[in-house]
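The next part holds the structures, each set out as structure tokens.
One chain, chain A, appears in both complexes that follow, with chain B as partner in the first and chain C in the second.
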Partner chain A sequence: MKIGLLVNEGPYQHQAADTAFQFAQAAIEKGHEVFRVFFYHDGVNNGTRLATPPQDDRHIQRRWTALAEAHGVDLVVCVAAAQRRGICDPDEAKRNGKDADNIAPGFRISGLGQLVEAAIECDRLVTFGD
Partner chain B sequence: MTVLHTVNKSPFEKDSLDTCIAHALDGSTVLLIEDGVYAATRGTVVEPRVRDAMQRMNFYVLANDCKARGLGEDTLIDGIGRVDYGGFVDLVTGHDSVQSWL
Partner chain C sequence: MSAGPRKKLMYLNRRAPGGTIYAVEGLEVVLIGAAFDQDVCMAFVGDGVYQLKAGQDTSDSGVKNFSPAYRALGDYDVNRLYVERESLEERGLGVDDLMPLTWEDEDDDWAEKPSIHVVDRAELARLIDAQDVVFNF
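After this line comes the complex of A and B, so read on.
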């Protein structure tokens, strides 16, 4: 089946970012396609490449990047939610006059249309949040 | 149409479970995840409400989240199913849609 995920909670906040990742991994292991993970609200903080958690802790952001690289999962960050929280890619940084970008590899910034498309395209859409 | 409802909040913290139970139709499935698994423990004030809902709905807990909270199988209400993340995926694909109560 084609499965879409919506993540509304930031990393290390409560548990949604972890549950969503474990779910995505289990779905892929079972042969399903994780079509897209859409990060919304504080969930956009999953997409920064500047996080440095303690070495003995899981690296939530890097784990998503690895999932995208290994299985071609489309990781999409909501542009409006990202702008509010200081998550930007090179284009957004330039457009908004910022001196740096911080999007993690495998993530891309786009709009809510991507969430709507995932809801239409996927057989199931599962929401994880706080 | 069958619906899988997920509840990720403790019933001692938020009313997500009550809201879920009030909305879910007979024959639905409720999966308790994260702090939601506390609702599955025996001997709490919530137990009668869960047992009542179990008359018309199927209840599951995410076993990984029970283990993370020290809730052994012997602490859970009889009749509540236990799944791992793979079982979570199977519940999602086995129902027509998923509603998350946050």
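After this line comes the complex of A and C, so read on.
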């Protein structure tokens, strides 16, 4: 089955990012295709490489990055939600006159069309959030 | 934009227009999603019915009032907005308290028709069940 994931909450603050990751991992292990993970609302905060969680806890961003590297999962951060919350890649930083970017490896910033496309293309769109 | 058969997409709005960002960012998905030419409807339940309330004024809060954007939905061919009757009644609201949202039917000499349909809980459950995709905001 072709599956799209929508993550609507920030890491650590909310379980959504953990459950979505575990779901993605389990789906891949079962032979399903995870077509895309789309990060929206505070979910965009999953995509900053500047987070420094305690060393004895999970590193949510690095876990996503490893999933992308191992299985080619497309991790997409919504540009409009990202701009509001200060998540940007080098192009966005330049366009908006910022002095730094913070997007993590394996993530890319794109538009909401990527979410709607995932909903149309996938057999299931699974939402993680409240 | 997509080649395959049209899918039935519902945008299910469960939250008040203020207090959190879910309602306005949810509406942004609807407006972007309109470009994909799918079979789209919206539903409003719980505090989500407040999103359609007429006369919203956010000036004292410093938050942008995005409620005028709902009036544009008809121009985006989003013209089926289901509002749960019980949710309205539980909040002391009726359809007259909501914005008079309309759309123009090009197959009926551009007649102006209401976009808001008040449905009861059981009917809404059937509508949700009939969708291919339900976006929750």
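The rule is short, and it goes like this: the second predicted complex is superposed on the first by the 130 of 130 C-alpha atoms of A that agree within 3 Å, B and C clash if a C-alpha of one lies under 4 Å from a C-alpha of the other, contacts with A are read in each partner's own complex, and residues count from 1 in each chain.
Please note the rule applied: a contact is a pair of C-beta atoms (placed from the backbone, for glycine too) under 8 Å apart; a residue touches a chain by one contact, two chains touch by 3 or more.
Bear in mind the structure is a predicted one, so any value in this text is a computation, not a measurement.
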Partner chain in contact with A:T127 - chain B first, chain C second, else both or neither: both
First, second, both or neither for A:A80, with chain B first and chain C second: second
Contacts of A:G111 with chain B and chain C, given as first, second, both or neither: second
Partner chain in contact with A:D56 - chain B first, chain C second, else both or neither: neither
First (chain B), second (chain C), both or neither touched by A:I3: first
Chain B versus chain C as contact partner of A:A119, first or second or both or neither: second
Partner chain in contact with A:F23 - chain B first, chain C second, else both or neither: first
Partner chain in contact with A:Y40 - chain B first, chain C second, else both or neither: second
Shared chain A contacts, counted only where both chain B and chain C touch the same residue: 8, 125, 127, 129
Chain B - residues contacting chain A, complex: 6, 8, 33-35, 62, 64-65, 84-86, 88-90, 92-93, 97-98, 100, 102
Residue ranges of chain C in contact with chain A within the complex: 1-2, 4, 7, 9, 21-22, 25, 28-29, 32-33, 35-36, 38, 133, 135-136
Chain B contact footprint on chain A (complex, rising order): 1, 3, 8, 14-16, 19, 22-23, 25-27, 29-30, 32, 123-130
Chain A residues touching chain C - in the complex, by the definition given at the top: 6, 8, 40-41, 80-81, 84, 111-113, 115-117, 119-121, 125, 127, 129
